C-alpha cells in the first residue's frame, strides 16, 4: 500500500474526478505535494463514463489520457484509490486528515494481465455501465482505468472464486488478507472535489423509470452510445433489443422541480442536444423529440442548439411531459401539452431518455468537517470554510469546462494557504 | 553525466511475454542487432526487484541509455521512472503478444514483430540524449495583467496572495471596468441551506455593488502596481523573460520583465443601433447597460424615463435583442446572463419605483442556470415580475414611452404592449485584439489571387478597426489567436486554460460572455496558470500538454536555408526570426510538439530525445523480408496521445493487430518528417499509415495544427511516390480518435488489402 | 379493551340507505375482526367534499371540517380521527393542514366555531382507514388473521385520486401506490400489480354533472381491468366504487361494451378472508355481484 | 362587488394578478408558474378545457380578466389533484381552480347553465339544509335543474340505476321525507353564516 508522506504544506484533494485530478495536477505541477483521495478504484470520475463531450463531440478519454499521463509522471502526487476522507480536524495550514482505505485485494504487483478475471465465475452488475452490463468478481473497472490494476469484488472474498483468482495470479498481486484500515496524515489545505451524482430517476414517478424498461436516463444512454459500452455502441431498447430510432428526451427530469431538485442542472440541455447527434448519426431515419421548458444552451453554445434545431428529423416541444404510459409493445408514450399555443399530445416513442439532473454526491451529513452549503447541498465559497475549498461540481451544477476552470482556481486558493505555511516555517 | 553512451537492455518475461516469445532470441536481437552492451531479463521487471536491477545498472554499471522491452510505454510509468538517463521502451505486451493470437501458425510472425520492436527501441535509444534545460529563463515572480476590470483585479489579488508581484495595465483612468458602473450585481449564491419552499421564503436578491471594495484591496496591496490610462505598446520575449512596454496616455513608457501574462481585456456592449427594429433611437428605449446608469442616477429613488423624466410605472424587457440569431447583423451567440440581468433590473423597479411598477420580461428561452440562477428566477417571480415567452418583432415609440410588438408564444397571439420604458438585453462583444489567423483561415478555400486580394482587404480593415491589446512582437501576429466570434477561449473542454501563446492566459468575458462570479472564478484559474507558467519557464520545463518535458528544439545553423517553414508553421507562434533571418526558437514558448521538425525540409531541427534519427533509425532497423517471403511491412506513425492508446486498448480488449504492422508513436503528426516517408518507401515498406487527431474546426489535435499540417504535407507525397513509380494508396493519413479501438486495427487491415491489391513494394532489396 | 381505538368519521355516503352504506357495514365487520374500536364523532357534519366551492368560500367550507375536528376533540379526546371516505379524509386533513400553516386562518375558524360554542386546538392527526391498516396493523399482522385466503381471485387495485393525492398513504408514490396490491397479497389473493389505471380519475363529482366525459374515463378503468384479466376491482374510495360500478349499464349502452365487473371495497375483501359471511361483508350491497367472493364466503 | 367587473385591466400589467391574489383561494401562487405545462398535461379532463390551468395562469398575468372569469374551464376540475402533486413549482392548482370558480360565480361572471357550477350550488344548498348530504334529493334536484319535463326525462334515463341502488339498499325512498341530518343544525348554520360574513368583509376590504 502506498506510503503517504505529507506535511502541513501538503494539499489534500478529495475526489479523483476531472475536477479533483485537475486541482491536484495544477498544484503538483506548480511544485506542491498533493495527496489525491478517490473513493472508486480508479480516477476519472463520471467523465470517464461519458462517450463524447458537447459541443465539440470529442472524446473525454482523450483528455483523460493526458491527465493520467501527467499524474503517472508527477512524483508530487500520491494517489489513494478506494479511499474516503472520514475525518478532518485542525485549521488552515494545520489539518489532520483521516482516510479510510477499503481493501482492493490486489497490490501494486498487478500487471493487469487479466488472468484472475478468466478464472473467477461470479458476475455482478457493472457499475461503470450503470448496471446495464455484467462484470466478473475480479475486474478491471474499464480499459482506460488508472491505476491499471484489477479489483476483487468484496462479495467474492471467502468464496472459491477468491482462491481461484489468487492461484491464477503469477505475480503475487492478490492479497486476500487485506483489511480495511485507517490512516492519518497532515495537510495544510483541502480541495473538496467530490462532484455530482445523477439524480435518482426512480423518484420521478410520473415517468416510470422504475416500471418501464424503455425509459432510461441520460447517463445510461451515454454508456449505450459508447462502443465500449454495454451494447457495443448500438442504440437499442432494453426491453427487446430493437433499434431505437424514435427517441424522446425529457428535459428537467428532476431539475427545476420542488419535488426533486430546486436547481437547474445546467448541463442537461446540452447533453440532450449532444445525444441527439448520437441518434441521428446512428440512424438515417431517426426521429428525435426534445421536450423542454427552456433550452439552456448557454452563451456560445447557442449555435450548437440552432444546428440541432435545424435538423429535419428533430422536433422541439416546449412542454414538461406530464407522465409516461406504455402500450402493449412496451413503447413508451409521452403525454402532455405543448405550451406554445396549447396542443395536447400523446406521442409514442421507441425509447425515452430522461435528462436527469446533477446533485452533489456528498450530503451535508457526510462532510467530515463543518462546511457552508446552499439549499441544494452545493458548497458555497465562504470564509467559514477555512482552508477547505470546493472545486467543480461540488460547488454547483457545472459542465466539464467550467468545472475544470473552477478546479484550477481552487488549486491556487489551496496554494495560497500552504505558501503561508511555508512562509511562516521558512 | 559522461559523454560516453553506455547502453543497457532489459527484457521483461512476465505477463506471458516469456511464454509466448523466444526470449533468448530477443536478447540476441538486443545485443547483436540493437548493439546493446548488456541485456538482462526479469520475470517481472516492474516489481521492486526488477526496478532495482535497472537502477543498479544505472548506478553501478554506468548505464545511461536504457532500452526496456516490456509493456506499453503507457503502462507502469511510475515503476520505470529513470529521469537521469535516456530511455526507450519496446512494447512487447500490448504491441505484440496481446495483439496477436496464440498458436503455432502465428508464432513466426509474432516473434518477428517482437524482434523488430526490440531493434526499433534499441535504435531509438542509441540516437537519444538526456534532455537538459537550456537555462535561458530564470525565475521571474512578476505577472503582467492587461485589463483592470473585475477579472484583472481578481487575477492580481489572487496571484499576489500566492506571493507574485502583479502589474495591472488599464486603458481607462480608473479601475473597475464595466462592473464598477453597475447599480447592483446579480447574487452569487443560491438560497441558503434550510430555506423552505414557501411564497415568503427569502430568496437571493440583487446585491450592492462591491467593486469599489475590490479596487480598494488592489490599491492597498503592496504586491500590485497599477498603470492607469495605459496600454501595452510592445511585448517581447517568452515565459520567464517577457518584456513589456507600458505606455501612458501622456506618452511615458516603462519597461518591465514578467514571468507570465494575463489578458483580461473584457468586453464591450453590442451596438444595437445597427438594428433599427429595436427602436433604440427612441429616448425611452434603452439598453440594459444604459439602464444601470439610470438606476444609479436615481439612487434609491424611482427610476425616471429619459424622454420627460416621468417616474416609470411599466417596463418591458426585450431579451436577446440582436443576439442568438442567424440573421444578418445579429450576434450568433448570446450573453448567457442577460436573463439574470433583466431579473435584477426588474427588481430595481420593484424596489425603487414601488411594487406597483409593472415589469414584463419577454424571453425566448429563459436561462437562469445552476442553483443561484434558478433561485433568482423564483425571487423575481415572488416580487411579481411577469415572464412570458415572447418573440419581439418591433419596438416603436411616438415620443414618450414605447410600444413593443411581440408574439406571445404561450397565448399564441400578437400583442402590442405600451410601456413607459423598454429595456433591451444586448449582447457582450469580446474586447480582443486582431486575430493573427483570421485572414488565413477564412480564405483558405479561395484561389491564390483571391486570397491575396482578400488578405490585403482584411489587413486594411483590421488595421483600422481592431487595436492590438498585447502588441506581441511575435512572428505570427500581435495578439492571442481567437476561437470563435472574437473570443480568445481555449479550444479544449478538458483544458480551459489551453493557450496558443504559451505563458499568456486570457480570462473573463474576453474568453466567453460571463458574469462577475464566473469572471472571478476564471481569473483565479488564470492566475494559477500564469504562476505555473512562470515556474515552469524557470526550470526549463514544458507546459501543458507535455508538462515537464525538458527537451526543446535546436537546429544546425549551417544546414538551415532560412526557408521560414518552421516559423510559419509553429502552431504556437513560438518561433521568431532573428536579424539574420534564422529561426529563434524561444523554448519557453515552445510546446515540444515537433511541428517545426516535421516542417523542416533540410532536417536540421531536432530535440535531444526526439529527432529525425530517433524515429528514422527505428524504421530503418526493421527487418524487411524479401518479396518472396510475402510478408509485407506496414509502417504506422501514430499520435502518442490518441491513436497509440487506441491501439493499446485494442490489444487489451482482445482485438488483433496485423502482424505486418510496425507502430511508432510520434509526439504529433505535425512532427512527421517527409524524409521518414521517403525513407520507408525506399527501404521496402509496402505501406505507410499516419494516424493523427481530428482536424478542421472541431480539431482534436492537442498541438492545434499538427494533424492538419501533416495532412497538407502528405498531399504532396503523391508526387514523390509517382517518381518512385509507387501507388499513391500506399501512404494514407487517417483521423483516429482514442475511442477508435475497433477502427484503428481495421485501418491497418485495410492497408493489408491495399497491398494485396497493388502488390508488394518493388523496393525490397 | 380493544387493541386499537379511533375517532370515526364515516361521512354522508356511508350512512344507512346511502350510496356506500355497504362500505360502512364491511368496515364495521373488518374492525371487529382486527380488534379496532371505532367511536363515531357525535353529530358530525358533511365536509362539503370537493364540490362545495361553487357556493361555499374557503372559510365556510373549511369551517365544516373545523366543526368535526372540534367535536372529535371534545368527545373522543386523544384519538386520531379516522375517515373511510376519500373526500372526507381529504377535506378534513386539508383543513387541518391549512389551519396549521396559517395562524390567522386558524383564528378565524375558531371565531366561526364559537358561534356553535365549539373550539378546536387542531392537534388531532387526521387519518385514513388504510393508514391504520398499513401503519398501525401492518401487512404481516393482516396476513396472520386470514382464515379463507382469496386464492385464485385476481384483483385490480384501484386506488383512485383522493385517497392518493395530494397526501397519499404511507409515503407511497402518487403514480404507482402499491398498498392495495400488498393488502390483496396479504389476504392470499392475486394482485394485478401492473394495473395501469390504478390512479386514473373516475370523474369524481363530475360523474353527476358531466356524465359523458366521466363515463369515458370510467370505461377506461374497467377496460384495463379486463385487459389485465381481473375478476374484480377493489377500491378504498366510496365515490370511485359507485362511479365505477353503477354506471356500467349506461356505459354498455353508450359504448356497446359488455361490462359486468364487480367493484368491491378492501374492507369487504378482508371481511371475507377473515371468514365472515357474505352478509357481514356487505356483499349484498353489490349491484354487480362479486361472485368469487361470495363463493369463498360460503365455503 | 359588481364594480370589480368594470375595472379597467391593461395587458401584462399586474392589476388582474393582484385582484386574483386578493380574492382567490391560493391566488398568491399564480405568479410562480413557470409555464411548463405539467398541470395541463396531467388533467384527466384536459381535452375539455378551453384554457388549461397553465394557460389560465398566463392569461391572468396577461390581464385577460373577462376571458378568465367567464371561462368554463375551471369548472372542469374533477379535484383529482394530479396537477398539484406534479407541479414543479408547488402551485396548489386544484385550489386555485376552485378559488377562481368561486370568485367568478360570486361576481356573476361564471357561465350560465354550466352543469358543474349548477351542481355545485345544488350540492351546497342540499348540504346546508340538514348539515349532511341527502343523496336522493341531490340526485333529484340535479335531474330537475333544467325544468320539470327535462327532469322526468333524466329520471327515466336513470331509472334502472335507481332501482339497482334501492335493491342494494344503497338508496332509500325514506330519505325523501327528512333523512339524515345533524342535531345542532342551527349551530352549524350560524357558523357558516359567520364564516361567510368574515370572508365577505375581507373581500370588500380588498376592493
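For clarity, chains are labelled A, B, C and D in written order, and residue numbers in each chain start from 1.
The rule we apply is simple: a contact is a pair of C-beta atoms (placed from the backbone, for glycine too) under 8 Å apart; a residue touches a chain by one contact, two chains touch by 3 or more.
Here the structure is a predicted model, which means the values were calculated and not measured.
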Based on the averaged CA atom positions, which chain is farthest from chain D? B
Between B-D and A-D, which chain pair is linked by the larger number of C-beta contacts? A-D
Chain occupying the most central position, where position means C-alpha average: A
Distance from chain C to chain B - Cα centre to Cα centre, in angstrom: 65
Could you give the separation in Å between the centres of chain A and chain D, each centre being the mean of its C-alpha atoms? 50
From the C-alpha centre of chain C to that of chain D, how far is it in Å? 23
For chain D, jot down the residues that touch at least 2 other chains. 34-35, 54-55, 82, 85-86, 90
Could you list which residues of chain A touch at least two other chains? 206, 256, 258, 318, 323, 339, 342
Can you tell me which residues of chain C touch two or more of the remaining chains? 174
Please list each pair of chains that are touching. A-B, A-C, A-D, B-D, C-D
Within their complex, chain D touches chain B through residues 11-14, 17-18, 28-29, 31-32, 34-35, 54-55, 58-59, 61-62, 64, 90
Any idea which chain B residues touch chain A in the complex? 14-16, 44, 46-47, 71, 74-78, 81, 158-159, 161-163, 189-195, 197, 324, 326, 332-337, 363, 365-375, 389, 409-410, 412, 484-485, 487, 489, 491-497, 512-514, 518, 521-525, 527-529, 531-532, 535-536, 544-545, 547-548, 641-642, 645, 649, 652-653, 693-694, 698, 700, 702, 737-739, 741-742
Under the definition above, what is the set of chain C residues touching chain D in their complex? 12-13, 15-22, 43-46, 48-60, 63-64, 67, 108, 111-113, 115-118, 161-162, 164-166, 174, 200-201, 203-206, 208-210, 213-214, 217, 242, 246-247, 249-250, 284-287
Touching residues on chain A, where the partner in the complex is chain B: 18, 26, 29-31, 51, 53, 56-67, 69-70, 72-75, 109, 111-113, 143-144, 148, 170-171, 226-228, 256, 258, 262-264, 266, 294-303, 306, 318, 339-342, 364, 372-378, 380, 396-398, 400-402, 404-413, 415-416, 419, 423
Show which residues of chain D lie in contact with chain A when the two form their complex. 34-42, 46-47, 51-52, 54-55, 82, 85-86, 88-90
